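In the two complexes that follow, subunit A is the common piece, with subunit B as its partner first and subunit C second.
What follows is the complex of A and B.
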């Protein structure tokens, strides 16, 4: 009798409220409506913020005109402003936020540590070192300070990838320990920061100014030339990231438990870190190191969805909304147009401090 | 209460499920276990005992495919475990590490559901079998009412039950547990071991458990395996293994061994440490 009562109790508990079981043929899964709501909500927010952003600026354009232009019915001037000046900027912003959000969620889940993000692990700093090297060493002779359109992004991409590979190699000891990865990452960050500073002290003043703008992270003057490669990179990397999601949920339990549950740990670890590094590199190459997005966003997403780990897709979309929103803010509300990285750093740095002070029980550094 | 049926010393009664064949284990260059042979038969309940650092947890890790032997091999159902895909191993053999860590905020229900991981795929993430196994594991371990509580808010004893529930949901014939009673008070130690004994008796699980407490090991396990300095020094029914001589040799302990007044199994009463 009691056995029977308990059984029904267990079954109702397995069916948690706000969750629907879907079974069609061999396909089955659980839909958690709160996660779906966050994903849809964040996607809607990206679209709305993007639309608002398209209309705002030195030449304000009404929403209806923005929409007319998007479907090809606008005037030539409006079309140029919306499609050539503002749209790439917003698309780059959204894609960068998406890439950084997913990268942060991958790192944090993998390392079981909310501090693990490309900012703290030195990858964005590595990108900065690469970009500053290109600006300072490449351009002084002609006085332009820039290697040209492709030079700096490629150098940043290279810097991020090299730092990421170093991280993987140095943290590797028959698998990666998350704690070790954070320590190695901090050391790499320090090295890359030193290289950046050394280059800046050598730089001509004009180059230094260009470099400073770049390492703050900015969406100014982005073109489709930056948006398209980023879109291609995401088309490959996002599915790869989502494919690791199931294994990541178990990897979170620690190496022994994960292997006990049948996860091939070493290949999973290698794929997760490589995808996260590549996502970061692609984002940083397009817009510079927009600070702390990858650190903050997964933790925001985890609180919105109420789960036990940063959800990948929701983190990406929240990241996109954050960057597009921050860019809109810097261009409209603030008295002077700041690079978007200044705003994200202003929010992210206190958050990092709070994270360190709060001292989480299991995830402490 | 588990009755010790004093089965055969040599485990030839049943089929051998898990075996170590002259296994040597090392961390980097430090050899921890040397040339060890051990056979575990279907439906047996074995406790591995020994002093700190004798290599018992290391042996358990090798039996569970967490550690690759530097010599010899581990056989699961007659096949070399290192050459068996992780996922196939995970459908037959479940293991509970010494201090498993659950991510902050994870509910008991979600933890237990993760036990189904080796049975799931990208398309099949929550089959009827998964749901039934999780519901049953929660009920059987008496955790159903705590299913939506975060694991980190549970007491030590409840937490260990949740992990055992996960191992049960995994639905493996074999279960390896590394010191499941660590950090628990005595009544919760009994609680956990009763649960493990029921898994063995009622669910027919083949259980291997590393235990520190000799009296509890003798009471619950059918067979004790005593290790010292990386070697297997005695194996058999508790009354054959737990002798005053063995306690002196292996544990440097002068002790009396008397029958446990409740279960009749051997009980160690320490006298003093030998030098």
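What follows is the complex of A and C.
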């Protein structure tokens, strides 16, 4: 049912208005103007929100002072606040949103299921289990052990990667079937969630509180130490994700069709899942499993661009805008600084609901 | 739309109104499929008995089978052992039986209505709504016992599903499986955001909530069992009534409408059943995620996609799974206990993965 509809949708869209065919020498492609608008709009939103965020907080700094500081002319205090406290936090937020948005779009397209996000497939939950283990076992309980000595971000990275690789290995049977991957992911999610919840019941309440803030996803006290590795990871992973985009669009029509159209299915599947896992792991190691970005954002992006599947780049940029915007809200509007993960869900979810209520019924992704 | 492919080879032509194909057996004696289903059903009934017996007989304090039997049959002078059996184990077993059955039934219905293998009741806003209800009860009213949580959790679950169904069907074209699932996911996100906002700012609430959220049968007495029993019985009846309609809905809403099915009514009954069952179960024990999700997939392996078999069998298997997991949880870390929700995930998940890998699961 869905495949047929997607196919007809794709065919009719070929001659739709709002598209321009561009030829440069031997290369030709279509420009979908609506998609371009969304990408540019989201990018502009990220920059504007980030700029606004640099000046706001407990110690407000005017726009001109922010600009002076950025070019190296500001006072020492302002330079410290803007460049050392706020800038890394905003950069981490934007990059994490970008990574989670793209990862969510990859998983949802690949599994042909709008609920298939790293949250549901257990990868962020694996990161939570790792981090909570590090906090609880290495905390005031005393028994530090291997996990405790590892540090929370590394434990989270490890948890996410192990869960992601387990997902790949356990769902693999001469290739990955999206349906099987989703079911395996749910099982891994359940195990990781059980471990996390159990550790939380065993912990001292102070450790449990710390751990709970971490698993909500927070940008507090992020430094360039988190931003730079994340930037490096994205510099490698984002081009890889975008490179799979074309093959991914074909894979959506079903494995047989994809094979018939000349997609090398098995390598494509492996690359897509690995890239999505790595993007998620990099993001959660930096800021914790910021809730529901990867689930909600691709669904918002698909409704903004009006395509047949979540657009990768647009999802990433909408994700970045969401996280940066939510972080700005936590620091300005709210009386008390909540972790950003609370706000991403509180802002993103109603928006998706509004789009659902307003939008026409879709049976595709 | 591969809903009836599994049963199709065994079905005679012209069985459109009978997607499960169970009646086609009438002429040629028992078909293989029907025999498998009956055997499966019988096996499940036996397993329920075994699991209930184990749950009454096994615990952190070892009591001989003779004493257990005496406690159940002889109304004489209460000893310590008969009190344990009568006041603790029997109510706990009854609760486990009800909750497991409710979760299994709710899972089968939810997957059928959303036509999504991930159509766990938790995704329809029930678990998140119940969590929000409990957190608010702890934070605002200082409620602190499992029996005290019941009504708040139930009210939250009710609010969650009603909102999901209202929002999911508010768009043009009404409730489709995709909009329902997405509305559920989005609303859960919103509820959990509120839950987390409270829990990160109030440590006392977190301290109480962390023990509720693991999902346990321990510490719930007969009063909790009696509180939720009417809702689970009502839900059970609605679920059994709703099951045949799901087979028609599985053919697509237009076909179902053409065959005389009142689609809106079927959806409403189904949602009501899921809410009653899963809401009551969550209210009694806390969120137990894995049962509703896994059980229908396991059951589908021998019943095929026909919901009139799938739904009742899912209920039975759910009860078996929950009782056995609870028994295991009592034994593994004696004299302490591992909560049933955790045991279920740790044992159920590897089993589930093995099952997925071994065979090609029929999709919903």
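Convention: the second predicted complex is superposed on the first by the 320 of 365 C-alpha atoms of A that agree within 3 Å, B and C clash if a C-alpha of one lies under 4 Å from a C-alpha of the other, contacts with A are read in each partner's own complex, and residues count from 1 in each chain.
We take it that contacts are C-beta pairs under 8 Å (C-beta built on N, C-alpha and C of every residue); 3 or more make two chains touch, one makes a residue touch a chain.
Only a predicted model underlies this, so the values are computations on that prediction, with no experimental measurement involved.
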item	value
First (subunit B), second (subunit C), both or neither touched by A:346	second
Which superposed partner A:254 touches (first subunit B, second subunit C, both, neither)	first
Touching partner for A:246 - first (subunit B), second (subunit C), both, neither	first
Partner, of subunit C and subunit B, that touches more residues belonging to subunit A	C
Common interface residues of subunit A - those touching subunit B in one complex and subunit C in the other	360-363
Subunit A residues within the subunit C interface of the complex	1, 113-116, 120, 170, 173, 179-180, 182-184, 186-188, 190-191, 193-195, 197-198, 200-201, 205-206, 208-209, 212-213, 216, 291-292, 295-296, 299, 336, 338-339, 341-343, 345-346, 348-350, 352-353, 356-365
Residue ranges of subunit C touching subunit A (in the complex, touch as defined)	1, 116-118, 120, 123, 167-168, 170-174, 176-179, 181-183, 185-187, 189-190, 192-194, 196-197, 199-201, 203, 206-207, 210-211, 213-214, 252, 289-290, 293-294, 297, 338-339, 341-342, 344-346, 348-350, 352-353, 356-357, 361, 363
Interfacial residue positions of subunit B with respect to subunit A in the complex	61, 64-66, 86-91, 94-97, 100-107, 109-110, 113-115, 117-118, 120, 122-128, 130-131, 134-136, 138-139, 142, 144-145, 147-148, 150, 152, 170
Residue ranges of subunit A touching subunit B (in the complex, touch as defined)	3, 6-7, 9-11, 13-14, 16, 21, 23, 26-30, 112, 243, 246, 249-250, 252-254, 256-257, 259-265, 302, 306-309, 360-363
